[in-house]
Each structure stands twice: as structure tokens, then as C-alpha cells.
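What follows is a single structure, written as C-alpha cells, with notes after it.
Going in written order, the chains are labelled A, B and C, and every chain counts its residues from 1.
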Amino acid sequence: MKHVIIGAGPAGVVAAETLRKLEPESDITLIGDEPEPPYSRMAIPYYLENKIDAAGTHLRKSADYFEQNNIEVLQSRIDAINTDKKILTPDTGEQINFDKLLIASGSSPVKPPIEGMDLPGVHNCWTLADANQIIDRAKPDAKVVLMGAGFIGCIILESLVSRGVKLTVAEMENRMVPRMMNEQSGTLLKQWCENKGVTVLTSARVSGIEKGSQHPLSVVMSVGGALPADLVICATGVRANIKLCEESDIETKQGILVNEFLQTTHPDIFAAGDVAQGRDFSTGQYSVQAIQPTAVEHARIAATNMTERREHLHRGSINMNVLDTLGLISSSFGDWEGLKGDDSCELGDNDRFRYLNLQFQDDILIGANTLGLTQHIGVLRGLIQSKTRLGKWKNKLANDPTLIMEAYLATVQGQA
Amino acid sequence: MAWTQKILRVNLSDGSIKVEPLNMEWADQYLGQRGLATRYFIEEVDPKVDPLSPENKMIMATGPLTGTMASTGGRYSVITKGPLTGAIACSNSGGFIGAEMKMAGWDMIIFEGKSPSPVYLYIENDKAELLPADDLWGKTVWEADEMLHKKHQDPQLRIACVGRPAEAGCLYAGIINDLHRAAGRSGVGTVMASKNLKAVAVRGTKGVGNIKDPARFMQATQEAKAVLAENAVTGEGLPAYGTQVLMNIVNEIGALPTRNMREVQFEGAHSVSGEAMHEPRKSDGKPNLTTNAACFGCTIACGRISTIDQGHFSVENKPEYWGSSGGLEYEAAWALGPNTGVDDLDALTYVNFLCNEDGFDPITFGATFSAAIDLFDSGAITTEHTGGMELIFGSAEALVWAVEALCKGEGFGKDLGLGSKRLCEKYGHPEFSMTVKGQEFPAYDPRGIQGMGLAYATSNRGACHLRGYTVASEVLGIPEKTDPLVTDGKPELVIAFQDATAAVDSSGLCLFTTFAWTLDNIAPQIDAACEGEWSVEKLAELGERVWNMERDFNLKAGLTAADDTLPKRLLKDAANVGPAKGKVAGLDVMLPKYYELRGWTNDGQLTDDVRSRLSLPA
Amino acid sequence: MQRSLQIDPGKCTGCLQCEMACSYENEGVFNPARSRIKVFTFHQEGRFVPYTCTQCDEAWCMQACPVDAIVLNAATGSKDILEDVCVGCKVCTIACPFGTVNYNSDTGKVIKCDLCGGDPKCAEACPTQAITYINADETGFDRMRAWAGKSDNQPRVQ
């Protein structure tokens, strides 16, 4: 059997490892187009902060790890897939044929359709190469404008502040992390950042970037005025890397369409990670989540299904995130916006930057937002994923939502 | 080191909070908790101060072993001048907040002044702030506890709080921590409330390190734990029955004060005993006792967690009391049961719940209620005073009525808040009050356990079993058996117990360990943890120093030898049944000897010899 | 034969000796707030429930880690945090559905039970045998693990 994987991010690497465990004899080839050994984008913020060196971002630490596991790693780019002949043509080197293919090509940042995005000093923060560019320019006291206070934007906030730059964040929506946190917690987050000396502009759209006078760049705001900048970082969202499927019969929408086996419309081709439009646990719909745990979950299931005699069902991944913004930790799980009819409870203490919101369907937890909470938050996933009926604990939680761990032990584990 | 070496000084009048270094010279002389806090207290407070005035202070203090792995190392004490007694008050509590204070980095908190409006102290490690408590005022301890947990969104927050009677001036209100552990006696909660301080809420995540010799400490504490585990009382009796293991024993030796100390044996003792708490109830087939529970770090776990039968008259329509909570320990069971003649276990448990929920001392409450029955019996009070309720011995309904009246502070409930001394004086029969220095007796009749008569009479905080628990020797044979009916040798015994107890109360450990431990087991643990050398001798001397210092304060406060006495009922009315039949408390022979052995003058004053030998402050 | 922690909440008195032993072993101080095992109190029910990582087969935490900072200890079966590799991203803390990996804001890393390398101090300290360290196939943790299988999205890879 010959397995080929396109994309050497977390999804690709975990899939390769899973395949190796299940099929010690098969050929496995992992193709990625970035020059570095397989690494984790998620570690980039810590690289920017000097917490780790570039090697600290690598997915597997020993240099000969892939060799040891008999996984062939190729650095090249695949622009098209010949699904009839099951052949790939890399931009360098020979053609590669496969029995089973996994597409784990991830996602890329979207470029907002405004002028000036190609000016020097305007960067994404997506790859190690981007990170190195940022490190070059984010010197102490440099003026930095961060476009987009989404999840990625917020997660690199701390690294930028720790580099001593003068930071302004411009977010189109009315609050920070609008797709992860509700209005109350997103607003608290903004306050927190402002208290820490970061300028946060919400409901603020950038209409273009121009060359500046005193500073190299000038970020023009649609409401008028412009922000001088030495560096502009664009974190305005991501889009699945599906271009390589364009000429093929692999169907795509937001991402590559897959079924509950993570199989694409071609039976021998699978997709996983940021590129796959997989099943969402909460909604039952198929969507792109673009988070690390989902990438890995996809990878293991897809890889299992690529081997013979195995049919592992993907019941859906929970969309979840944890975010550390200048020391304030927030998290979101599942359907944190809740259902219509709004069966939820919340507890907030604005002065102390604490907030907790639980969403229910009947007496089952379906989503949550937390702010300022770090202990035992994993049980929120446990409660959501196990779809446990909370019974009398629902009322107890409604009265005091901090009792999540107790509720979990009492219901899921039957301990009380 | 074991001390954090930091004190928090909270001035409630001006709202200021200061951090001070711990006086390490004093720490070497007074160790911590009771001893060290009393040293601070006498330095700073005029003995003549009105206990409920802003000039009185209140100290919450941990010991060096608080928050460590030493078994029972979770204690703290509250030191102030008591409103019930006018003497030094020192109430010791377990639970978890003491350790939490330590984990937050504080050896003690000194409260001074009075806040202009209700506040609570919130501590999160180094951060300490006074926050408004207007919404908590007028709430029970349990209600306030829930509100604070929710407000701070932290299930791990540890809270000490006063209840409604404290706010209303009940003179024996305690401070309740962790829902059902109490710094219960002498009205320390009344002092707290008089300062408009509703609660102290603590979260400490720094931990306790700083142990002098960690390896030796782990070894010493482990060995000491093995001693507790192997001992029949601490290894079996207390975990299984709690202190309630004593009910039947003390009844049998004829030392169970019954019906306001009229008698010394109670026919219903078994029904309210530790054994009975295990027995399935006829009504619902479940036992009163749900489980035993430990305080922080305690490997004994004498705590009772009880559940009342949902159909019991006291809770029938009150689902909020259907869950389990802190159950009866011996002194409370006695004060609410034998001493009032009530043998209804669930009724006593309910009353005990309310004592915890609203924060007052069940011993003084039970004894005050039984004195009220005597007053009723004598005709000094009538149904006019009680709004129709007949006060009679043995009536669970009357008991439940009384406790609810006290909690609400309505009608006769206000009178009950006076304590028995003031209540009986008010109604013209001071002889019905079973108190020393204004504080009610606990559950050992000195006619049947002679040493306890002397211990009560000389206790620095008024009648109390926890200052010199000769019961251990006279009843349980610890460390060796003495005859409870004789007075010979009792002064020596009382002094030894008083001094050792003062040392233990200064360490952060629980006194109950001394059912199995002597200072020989304790000294090595302190020595491994604390800077300096801590021998048995040093601890014994420290205990003596603390005892004399407290005495000194009381004398300066205006107490005299005349206050070292017992009520007439114990000195004149002989026991009518049981082994002690015909006996009265032999205080007259023991007291002079006691003064002599203490090195005091024959009117109970400290001498210069004693002062210099113990290096007491002037 | 690998061993695992067996927990019998019925025996627990809530004394927290286990939490102190754990924090002392791992942090050098007595500090329940940094304990890898945690005792939960059910006041109404009169019950104490000690709770920690079951070293589950799925090791959700290990899989979610983006930098390979959680590794299998072949000798004990525990999943151990490599502190110098951990970047503190906290993804494991939301990935573990049992809530047993926790963030330590003092160090900026996460902590979880590692069975003390095969000599768990909590079990040693527990005065009531509510926590014991016994042969894996006898443990009540199977129940806990069974749950993991119930809602498992992930194939078990042998």
C-alpha cells in the first residue's frame, strides 16, 4: 500500500504516524511545501516571544524522527491532483503515485481587498517565515498596527507587547474575538488589553494602507484618520487551501467536502485539518473549524479509514479554543452562542475580569464561554461531548456555574 | 521556618491595610497562634477596654504548622477580649481557612477599629482589600457564604463569617468558617460583628514552604501520623463516633450534667450518643450520620456530617435543611440534649445546623436555654415572656422554638442572646446560671470528674473543657489513669494539661491529637519545621508562659481570685445518683494548692518570681 | 504489570493530605492549589471525591499538544509533561475531557499527574486508603475510561 499525504502540518504528521502504527509495512510519503521541518503554527506566538527557538516549534523534536519511523518527507508543492490515475506532480522532482491520498494542506490567511497589502512591512502571521519578518521589524517602541482581533490576532498580542512595541489593534466588529466570545466577555477582554496599554479600536475598518511620512506606513481608517506604523500585521481570517483540487473531481465549498469517514468525493482520497469541511459536533453541519485539536482528530480518523478493513466514524469535532491575552485566559466550547430560546446561565464579575457562560439544550450542556478561569476547564468539553443529562445539576449550575467540575463528577462519573 | 513572617494589619475605622513583619523574637517565645497572638494583643490593647468598642482588637492567627502536612495542621485561633466574660477570649477553629490564610502568605491578621459600614476582608495571596458587605449584612453565614462564593466565582474560596445573632449583639456569637467549623466560644463573633466586619474570605495559592529541615519534617510528621493511626481513640474511636464517643462513657461514670446540672446522669443519653448516630432511624431507615469528615490535613477525621430525616418536625417544610451538614459533636450534643433533657437526635442536629448556619456557640446556647427552663420552672419567666411557649425540660419543640427565636432575634430570642449569667440576673435568679466568669460549662460534671472543677474555675476564658482537659486522664486514662472522684493530685494534673494545651494551641495543631500524642510527639515536628530549637521542655515552658500571660491580662482587666469559682449547685448540691453520688466539686481543697503550684500569691496574683522566670512582659 | 491509581471516594474524609503530598513532591511546597490530584466536596451529599488523571489510553492531551511536550512514560503508562518543551498554549487543558491538565500561571506551563514516576505520593499519604496504587486491571478507573470510549471520536491505535 502506498499512502501519500499533502501537507506537513499537525494533521499531516499525525496522519502519517497513525498510518505507520496501523500499517508497519506500507509506504508513507509526507509532502510539505515549507522549507522547515514539520512544525506547528500554534507555537509561533511563543517563538515571537522568545520563549522557544525555531526548533521549539517543530512537531517532532529529534532530527531523524521521520526517518526512524520510515516516513518519507518531501519538500515540494503539489498544485494539482490527477484523481483518475492517482498521480501527483510536484513542482520539483518526479511524479508520485498513490493508493490512498490524504489532503492536509491547511489554510492560509485571507488578504482583505484593500489597497496597500503588498507594501513592504505588511505581513501575515501564519508561517515561520512570517514570524521571522515580524521579529525583524517589531523592535522596541516600533509602532505596530494589528488588523483583526480575532483568535489569531489575540494570541499574538502578548508576543508583540512582550517585544516592547507600541501596539494598536483595529477590529471591524464591535468587540474582540467576535467569533469565539460573546459580547460581554469580548468587551471585558478589550478593557483588559487597554488596561495593559494596548490601544484597541473596535468597529474600526481599515480602508487602505499607504506609504507614510514619518513612519514607513500609514494605515487609513474608514471612519477617517490614519495610524502611522512601522509594521502592519494582518490577521483577518483564514481560508482553506483548496486550490489544488480545482481541476479535479474532488468537491469543495468552504473547504474540501468530506463525509463522516473524512473521505472526499473520491473514495481513495481523504481530507483532514484546516482544509477539510468536517462535521461539527454541535451543529451537525459540515464546516471548517481551523483549530489544532480538530486537525489532529481528523487526522487520526482519516488515517485509520485509509487503511484496510477500518471504518471509523467521525461524530463531529467540538469547536473549542483557549486564548491567553496578556495573561487573561479565555476559552470557548461548542455552541457558545446557544440556541434560540436561550437556555443559559452566566456569572460575571467585571471588576475582576471573570466571566462564565453556559448554554444548555434541555439539561445537556452544549456550549460555554469562560474568562479568567484556568482550572478543570476541560470538563466543559467532557460534559458537551458526552451529552450527559445533568438532571438536578442543571439547576445547581444555573445557580452557580462555577460548579462545573462537581456537576461533571456527579453526572458523567456518577460520583455523588 | 514555617512562619510566613508576615502580618496583615487591617484598620477598619480608616480602611487602611498594612503589611508588617512578624516579630521573630516573640515567635521564639510564643511560637504562634494562641501564644503569639495573645502577646500581640496584650501589647496593643488596654485590658480594661470595652470588648464591643472599636478600641478592642481581634486577631486571627495561624501557627507555624498550619498549612503543613503535619496531621491536623490546619488550625487558627481568634484572640480578643470576650464580651461574655470580660476576660481574654481565645477560640480555636479547624476547617480550611487557617491553612488558606497561610497559603496566601499570612501568619496573622490584626483587626482594629470599627468600620463605618459593613465590610468583608477579601484576601487573594498578597492582595487584601476591604469590600462592602451591605448586601451580606442580615444574612446567615450559609447565605453569605454562598453569595461570596458566587461573587468571586471561586469554589475554593475559604470563608469565615458571622451570622445574624452576632450582628444583633448576641454575646456568644462565634465565627463560622467553612460552613460548619467554628471559633465558637466567648463571643468572638460578637466582637467581629461589632466592628462591622461580616466576613473574611481567603484564597491562597502560594503554598507553605520554608520548612527548616524538610526531610526531617516529613519523617517526623509521618511517624506522628502512625501514632495517631495506631491509637484506639484517634485511630478508631474518633473517626467512628467523633467526640460523641464520650456520651455513653461520661453518662456511665455519673458525670453527664443533666437538666441544667440538676443531675449527673441522663436517661436518654443513648438516644443522642455517637452510637445512636450510626443506627438506622425507625422513620426513614437511614442513620443520622452520613459520613465522617476531616479538617485540613487531619488524619483523625472526627468531624460528623449528618442528615436529618426529611419528615422530622424540625425540617418538614424546609428542604434547605434536607442536605447533609456538620453534625453533632459531644459538647453540642450534650448542651442541646442531656442539659435540656431532650433526647431527640434529629432535633438536636437541626438546632446544631442552625448554630452553624447563624453562628453561635451551641454550648452556651444550650446552657442558657436550660437556665431559662429553670427560670420558667421557678415562675420568674412565664408564657407572657415567651409568647405562649412552655419552657420545660425534655421538649424538643421548645428547643427548636428557642433556637429559631434567637436566630431571628425576635421576642424572647433577644433575651436568650444574653447568655445565662445575664439572663438569670435579669430575672432575679443568678444561681441558675452554670457559668464561670460568665461562660457556660461544657459537658463534664465536676462532681463526677473532680479535676474538671478546678480546670473550669481557673480557665482563663471562663468555663471551658479545652484549656485543661483532665477528662483524658480521669476518664480515658491518657496519659495515665487517675481517679475522677478524688481531688488529690488534680492541681498538678490541671496545670500540666493547661500548659501543654497552651503550647499545642500555639502550634497550628489540633488539641485532639493529644489523645495519642504528648509533647514528645509534637516537639520533633515543630523542631523540624521551625527555626530555633524546640524541645519538650521549651514547649512546656512556653505553655506556662502563655497561661500566665493570659492570667495577667485578666487580672489587669479587673478579674480577681473571686472569679475562680464554681456555681453553688456544684459546690453545695451533691450528685444524686451514680458513682459520684454524694459528691460535690472539691474546689476548696484544690484551688489553694493550684495557686501555690503556679507560684502565685494566695489571692491568685502573679509574683515577680514568676514574671522573671518566664520573662513575661510587664 | 502496570499499576494505576484506584480511588474510592467512599473512604475519603476530605483531609487533603493527598493534595499536600502531591504539591510537596512536585513543587516543593505544601500547596493544594498546585496539586495534581484534587478532592471535590459535595457538601449536600456528605461526600468527598478525590480526582486526578486516569492516564487514559486516548491521551487527548498528548494528541492535542502542538509541540510534543506530553509523552508516554513507557514504564508507568503515565502521560508526562516535558516542562522545558511545553510552551504553555493550554490546548491540552481544553482537550482533556476530564479536566485533569491544568494551567499553572506561576510557571506559564501546564501540570498533570505523572504518577510520581511510579511511586505516587498521594496514595502513600492517604490515611484512609481512599487512594491506592494497584494493578491496572483491578481498578475502578475502568469505569472512567469506559466513558472515554463511549463518546470517543478517536480510533484506538494499538
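One rule holds for everything that comes next: a residue touches a chain if its C-beta (ideal position, glycine included) is under 8 Å from a C-beta of that chain, and two chains touch if they have at least 3 such contacts.
Since the structure is predicted, the reported quantities are computational estimates derived from the model, not experimental observations.
Chemist: If each protein chain is taken as a node and each touching pair as an edge, is the resulting graph a line, ring, star, complete or other?
Modeler: Topology of touching chains reads as complete, every chain touching all others.
Chemist: Could you quickly compare A-C and A-B and let me know which has more C-beta contacts?
Modeler: More contacting C-beta pairs are found at A-C.
Chemist: Centre to centre, by mean C-alpha position, how many angstrom separate chain B and chain C?
Modeler: 38
Chemist: Take the average of all CA coordinates in chain A, do the same for chain C, and state the distance between these two points in whole angstrom.
Modeler: Those two chain centres are 27 Å apart.
Chemist: Could you give the separation in Å between the centres of chain A and chain B, each centre being the mean of its C-alpha atoms?
Modeler: Each chain's C-alpha centroid was found; their separation is 57 Å.
Chemist: What are the residue numbers in chain B that touch two or more other chains?
Modeler: Counting only residues that touch two or more other chains, chain B contributes none.
Chemist: Multi-chain contacts in chain C: which residues touch at least two other chains?
Modeler: Counting only residues that touch two or more other chains, chain C contributes 45, 47.
Chemist: By the touch rule stated above, which residues of chain A touch at least two different other chains?
Modeler: Residue numbers touching two or more other chains: 405-406.
Chemist: Over in the complex, which chain A residues touch chain B? Could you list them?
Modeler: Against chain B, chain A makes touches at 347, 349, 352, 354, 356, 372-373, 399-400, 402-403, 405-406.
Chemist: Give the list of chain C residues in touch with chain B in this complex.
Modeler: Answer in residue numbers: 13-17, 20-21, 23-24, 27-34, 43-48, 125, 127-128.
Chemist: Which bits of chain B are touching chain C when the two form their complex?
Modeler: So the residues of chain B in touch with chain C come to 67-69, 71, 96, 103, 156, 179, 204-209, 214, 218, 225, 229, 239, 290-299, 301, 303, 305-307, 323-325.
Chemist: Chain C touches which residues of chain A in the complex?
Modeler: 10, 14, 18, 21-22, 40-43, 45-46, 51-52, 56-61, 292-293, 296-297, 300-301, 304, 310, 312, 314-317, 320-322, 324, 327, 329, 331, 333, 374-382, 385-387, 405-406, 408-410, 412-416
Chemist: What residues on chain C touch chain A, complex-wise?
Modeler: Within the complex, chain C touches chain A at residues 9, 38, 40, 42, 45, 47, 49, 51, 60, 63-64, 66-68, 85, 87-91, 93-103, 105, 108, 143-144, 147, 150-151, 153-155, 157-158.
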